[in-house]
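Okay, so here's the structure we're looking at.
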Amino acid sequence: MSDYILETQNLTKDFKGFTAVSDVSLKVRSGSIHALIGPNGAGKTTVFNLITKFLPATSGKIIFKGDDITHEPPAVTARRGFIRSFQISATFPHLTALENVRIGLQRKLGTEFHFWKSDKSLNVLNDQAMSLLESVDLQTFASTVTAEMPYGRKRALEIATTLALDPEMMLLDEPTQGMGQEDIARVVELIRKVSTNRTILMVEHNLSVVSNLCDWITVLTRGSILAEGSYDEVSRNPQVLEAYVGSDDMNDAHH
Amino acid sequence: MNYTQSQNKKLMVLFAVLFVLGLAAPYFFYPTFLMKVLCFGLFASAFNLLLGFVGLLSFGHAAFLGTAGYVCGMLIRDTGLSPELGILGGTLAAGVLGYIFGKLAIRRSGIYFAMITLALAQMVFFIVQKVPGTGGEDGLQGVPRGNLFGFIDLDNNVAMYYLVFAIFCFGFFLIYRTIHSPFGQIMKAIRENEPRATSLGYDVDKFKLIAFVISASIAGLAGATKTLVFQLASLTDVHWHTSGEVVLMTLLGGLGTIFGPLVGAATIVTLQNELADKVGSWVTVIMGVIFVLCVLVFRRGIVGEIQALIRRSGVN
Amino acid sequence: MTISTSKTEYLRITDLHAYYGESHILHGVDLKVNKGECVTLLGRNGSGRSTTLKSIMGLVGRRTGSIMLNGTEIINVPTHKIAHYGVGFCPEERAIFSSLSTEENLMLPPTVASGGMTVEELYEMFPNLKERRNSPGTKLSGGEQQMLAMARILRTGARLLLLDEITEGLAPVIVKKLGEVITELKQRGYTIVLVEQNFRFAAPLADRHYVLEHGEIIETIEKDDLQSKMSWLHQTLGV
Amino acid sequence: MEIFGVPSALLGSQLLIGLINGSFYAILSLGLAIIFGLLNIINFSHGAVYMMGAFAAWIGLTYFNVGYWTSLLLAPLLVGAFGMVLERTMLKKLYKLDHLYGLLLTFGLALIIEGVFRDQFGVSGESYEVPESLTGFIPLGFMNLPVYRGWVIVASLSVCFGTWYMIEKTKLGAYLRAGTENSQIVQALGINVPMLITFTYGFGVALAAFAGVLAAPVFQVNPLMGSNLIIVVFAVVVIGGMGSILGSIFTGLGLGLIEGLTKVVYPEASSVVVFVIMVLVLMVRPNGLFGKS
Amino acid sequence: QVSNNVVKIGVLTDMSGTYSDLAGPGTVTATKMAIDDFMANEKPNFKVEMVQADHQNKADIASNKAREWFERDGVDVASELVTTSVALAVMKVAKEKDKIALVNGSASTAITNKDCNDVTIHYTYDTAALANGTASALTKQGGKTWYFLTADYAFGHSLEADAAKVVIANGGKVLGSVRHPFPGSDFSSYLLKAQQSGAQVVGLANAGSDTMNSIKQAAEFGITPKQKLAGLLMFLTDVNSLGLKTTQGMYLTTGFYWDRNDETRAWSRRYFEKMRKMPSMVQAGQYSSVYNYLKAVKAVNSDDTQKVMAYMKKTPINDFFAKNGRIQANGRMVHDMYLAEVKKPDESKYPWDYYTIKATIPGDQAFIPLKDSTCPLVKK
């Protein structure tokens, strides 16, 4: 088994003659936090959609822990422990925070198709759900209906729900987008905390977050990989500076 | 937690009261009318399970009601099966049909789902009309009620009533249970945010399919029972108007409420029964006005409005 | 750009309350913007900044109070007329139309006054858009849509721009470009209300900052006082 | 010569007839598609307003001595105005809600309209004569095409393509399409959306009324003439792709043809064939033939 | 011995659907007239009440309603029952509850043949009588080759079959037929088929709006006058709404025409006063059947089903509707039918002056003779 938990080989996506992703070979090391950055329209979201099978690839392969998952349905991939979050917050708005997390936990119970059982049978999951909520600092919101929670807390809840599946790898699409500074700090801490024993691949424009958090960075432009390396390496790469930052100092790009 | 517990207690009390009322009802009301209300109430509840709790608008539910009715009627009349087996057979047939519909329609969503179910139901209509033995336009007439388990004479209206009541309670409880089950919990999640549920590893289509089959089977149970009550299955049962009517019943009673469909069914059945004779051809106009008002003013439906009223007075 | 015009009051909001259904979101907002000024609305998520902008456009369910635009009361004016009074709104959700091509999106809003930017100027400013001009609006990437939403209102000749989180999701290179655009717009005499998370972006552009919390203005900071208030801002907003 | 055991002359004439029916489907489904597109409402009363168009022509002729050609213009205007009143007073309140409510409201309206007409005019309906200038036949060799039916094709195709052009190629059309997606923002960009919506609804209704006037000389003018048609027209819109303009036009014509063929081969099934096609199409193209995902 | 001293008559009809013009509210009025006239003329020692309901042409609604009437409301007779499926459903309930069904609007011969029972009277007309009138007249006039346009349901099939039999019996030939979905609106493609067949007569084995649209479109495609159109079932109301210009010269068979003699005129004028329309045969038949039923109740002084039925079957009917009408063992009321030709517009002198009666078809030639009935009640 290689060090890489996820690999793409020559991944390509054409949209009616427009190549949004071309020949991307990406390697994500187990246990790392890996960032995907690049100018707008570079193809980051598309790469994400391809990896999670929300879009079919035109050509190329996706390999997760040595298995070719290119043509697997999304739910099956998810059950391998490979979970994504969405660019816009994805919770179940009319369930309480506790119930949200329980949805994640329920799969392990194996009773998801039991329509003849009482839902009281789910209460055995409450303790576990509560401790997950605690881990993201949401214990006080346990019986709040999600729709009434502040935005930043919803993102945290989403992460807690994802954690309930105990995923080996998480994909986060702009996890801090639309957040205030305070929430950003909270989410960065959270990501750091949950990254132990997990691999994280994220798209992020906020370079302070990236520099703070990420072990490895891949820069995309126009659908192809422009550069890869640690934050320091990448931020010194003149091509990256020109294409992405538009000045000669990466720090200008911090919010 | 406490709040929901006391809610639950209230609900249980309500169930008990209604159950007792249901037992006493045939001594105060015309049993055949009550049976019609119960059959349509069950049908609408089955429909509500899909629309109100899963978010799928099926515009072809009459196909299940009708198919089960015809199958049950033919089994009893033409092969001499006992009433309980006839009902079982009808229900199974609706379940199988539900599986086929589901397989074909489930991947579509929103209005496309509604339309594909409508189209499939139209085909069922056509088949029922054409297949020999259904009686075509005349309907399947003269189905004997027979003896339940060989010794309860169902020609007695009161006996028949208690059978229908028992069937209704069973179906209704099954729906209630499904909504409040681990399965129901996932269904709710799917309705709220489908992509998210997929990304958590749930096979969304499979859940919807199961819900669809449950709903179709219960609709079938209602249809088979209805055939036994009226000793007749007709093209009306498979006509798209019936599919539309069940939407109206559910909405009028209160979409996504437990009792709404029953109340809606009772209201519409009563209106049709009573109004038709008093106002003649204006009945459609009056029905139209009711729907318009219901949509413009009482959107939550009868039960929904009452619930809202109670909640508001409870808060104050 | 004489002193006198820049001192003319262009927008004044007094005691503005706004509601979504039963929830009361704004609790008496007061603010004012002079002609040619750029002000920002700062605050945490959910503090009501977007709602303030939407209230000006008449896109909120119910409002009370007063909104004076260039001497006219507009609180009861229908949304489309407000736009014709010269207000351009760039919403936070971008709202690019998928059944329209990029160029149709750009050309959609009617011209409300002369002096808007030309299409050529806009394409020069956002070359991505030029390249994707014929592709359907929502096939654009998140950032491209953001550019388009901004470009769309620069064409119309609107003199008051309400910009909600325009740097959101944009690569630094574009953010920088937008900064230059706004500076230029200010020079051309546009009046701008900016809602921003990206304080680094907003700070050098603004003449004044309003800080909102729970639907109320809790602090007004003039440009010159910014340095001295920095630590307070840090505390309240985490910037 | 024979095709499927059917003489080719008969086949030719049946296809032509199919096309004529298809042109009714096309105008009706076009109106439905436009309304669905902008208002997000499945206009169940479309059949009823079609009927109103036909009755408007009949009433005009019978009581006010208004001729066919005037009716062709006047009836859509009147019925369209009636539609606008409905929109202003009722439909307007439903835009933020689920499709379902619009469907139910218009269903209720259809019941009311049809009920009132039934009470006034009975169900047997009334006869409307083919206008003098359009009587007679065009000999086509394989059949005698009534001039009036020829006119139906010409009129409906022109109206359909005119409408298509307006929506796809003009600025007004761009407003419509944008308004379809996010009317609030379109309004914030300075376009009078409520007015646009009212006119669109009126226009869609007027199209149906126009079809009604076209139909009056061919079919018995009858309070229920629309309710029998509406389900098929729904199917057309769905097969074409909800809200797709071109989709509804082509599908309308195409289905007319297919229905025509069915009437040759297996006439009893001609009322169900459209649903079979709908299922097949949706299996392969979930959003209809011309629909966007 | 009339139970509760009240005779209750239920009028179960189509109040708002396709058949509401030819039956519907008009039959309710006719029933009321019958009751009022009966009370005034016969001065019975019991009361008569009427209830009415709209069955919307649905067998299930009809059977429900009838059940409710018989079980709960003490109704003695369910009457009118337009459309065959309704009639058959109600007949079954009536049999089960031992009450009477008076069928007027429905056409199918099944009512007095394979589905017959001993509590039903089929009063006004049936498909056999229609065929024996129109089809035989036209065939005899030289329309030897026929093509049928048939509504694809029981009634259409039955009408086509009966007419075809008559055509063949009279030396004609059936070249083909096409079945159209019911209800339909565009008949042009079927009409073209009929045209292509070259048949001399195109037989319309359908009813109501289907017939009307067929006639209208036949004119449009130039089928008429080259080929002759036979409306096998047309009511006065149909002719009224299509207008004479379209229908002129057509033959039809009817059980009643208002302008036939003084007696019919007198009654019809009274009806007209109330409805502002002349009566269809169904409406006139409804009056006659109800009136004669009440007379039977008075005669046997009981509302007991079997007693009343027995009396009615042995008593001839003589009124403005029928002369020497009699009810056969299978429930068929046998009376004279009339072959009518629709007038040309310029022949029509006053409102509702639509028909010229061409021939009277004696009852025993019009209806299926008892010996040919397949009704199990008929002892052979």
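The first chain written gets the first letter, and so on, giving A, B, C, D and E; residue counts start at 1 in each chain.
Just so we're on the same page, contacts are C-beta pairs under 8 Å (C-beta built on N, C-alpha and C of every residue); 3 or more make two chains touch, one makes a residue touch a chain.
Bear in mind the structure is a predicted one, so any value in this text is a computation, not a measurement.
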- Interchain contact steps from chain B to chain C (minimum; 1 if touching): 2
- Please work out which of C-D and D-E is bridged by more C-beta pairs in contact, and write that pair. D-E
- Item | Chain centre separation in whole Å, for chain E relative to chain B (CA means) | 38
- Would you kindly tell me how far, in whole Å, the mean C-alpha position of chain C lies from that of chain A? 30
- Query: What whole-Å value do you get for the distance between chain A and chain B if each is reduced to the mean of its CA atoms?
  - Reply: 43
- Item | Touching two or more other chains - residue numbers and ranges from chain B | 281, 283-284
- Note on the structure: Listed in rising order, chain D residues that touch 2 or more other chains are 115, 118, 268, 271
- Query: Which chain C residues reach two or more other chains?
  - Reply: none
- Listing of all chain pairs that touch each other, if any do: A-B, A-C, B-D, B-E, C-D, D-E
- Which residues, counting only chain E, touch chain B once they are in their complex? 15-16, 20, 24-25, 28, 51-54, 56, 58-61, 63-65, 67-68, 71-72, 84-85, 88-89, 92, 153-155, 182
- Per the touch rule above, chain B residues touching chain D in the complex are 57, 104, 107-108, 110-112, 115-116, 118-120, 122-123, 125-126, 130, 240, 244, 247-248, 251, 281-285, 287-292, 294-296, 299
- Name, in rising order, each residue of chain C that touches chain D in their complex. 57, 59, 78-80, 82-84, 89, 91, 95, 97-100, 104-105, 107-110, 112, 152-153, 156
- In their shared complex, at which residues does chain B touch chain E? 30, 32-33, 36, 136-139, 141-142, 157, 230-232, 234, 236-237, 272-273, 276-277, 280-281, 283-284
- Could you pull out which chain A residues touch chain C in their complex? 15, 18, 38-43, 45, 87, 150-152, 174, 177-185, 205, 207, 243-247, 252-255
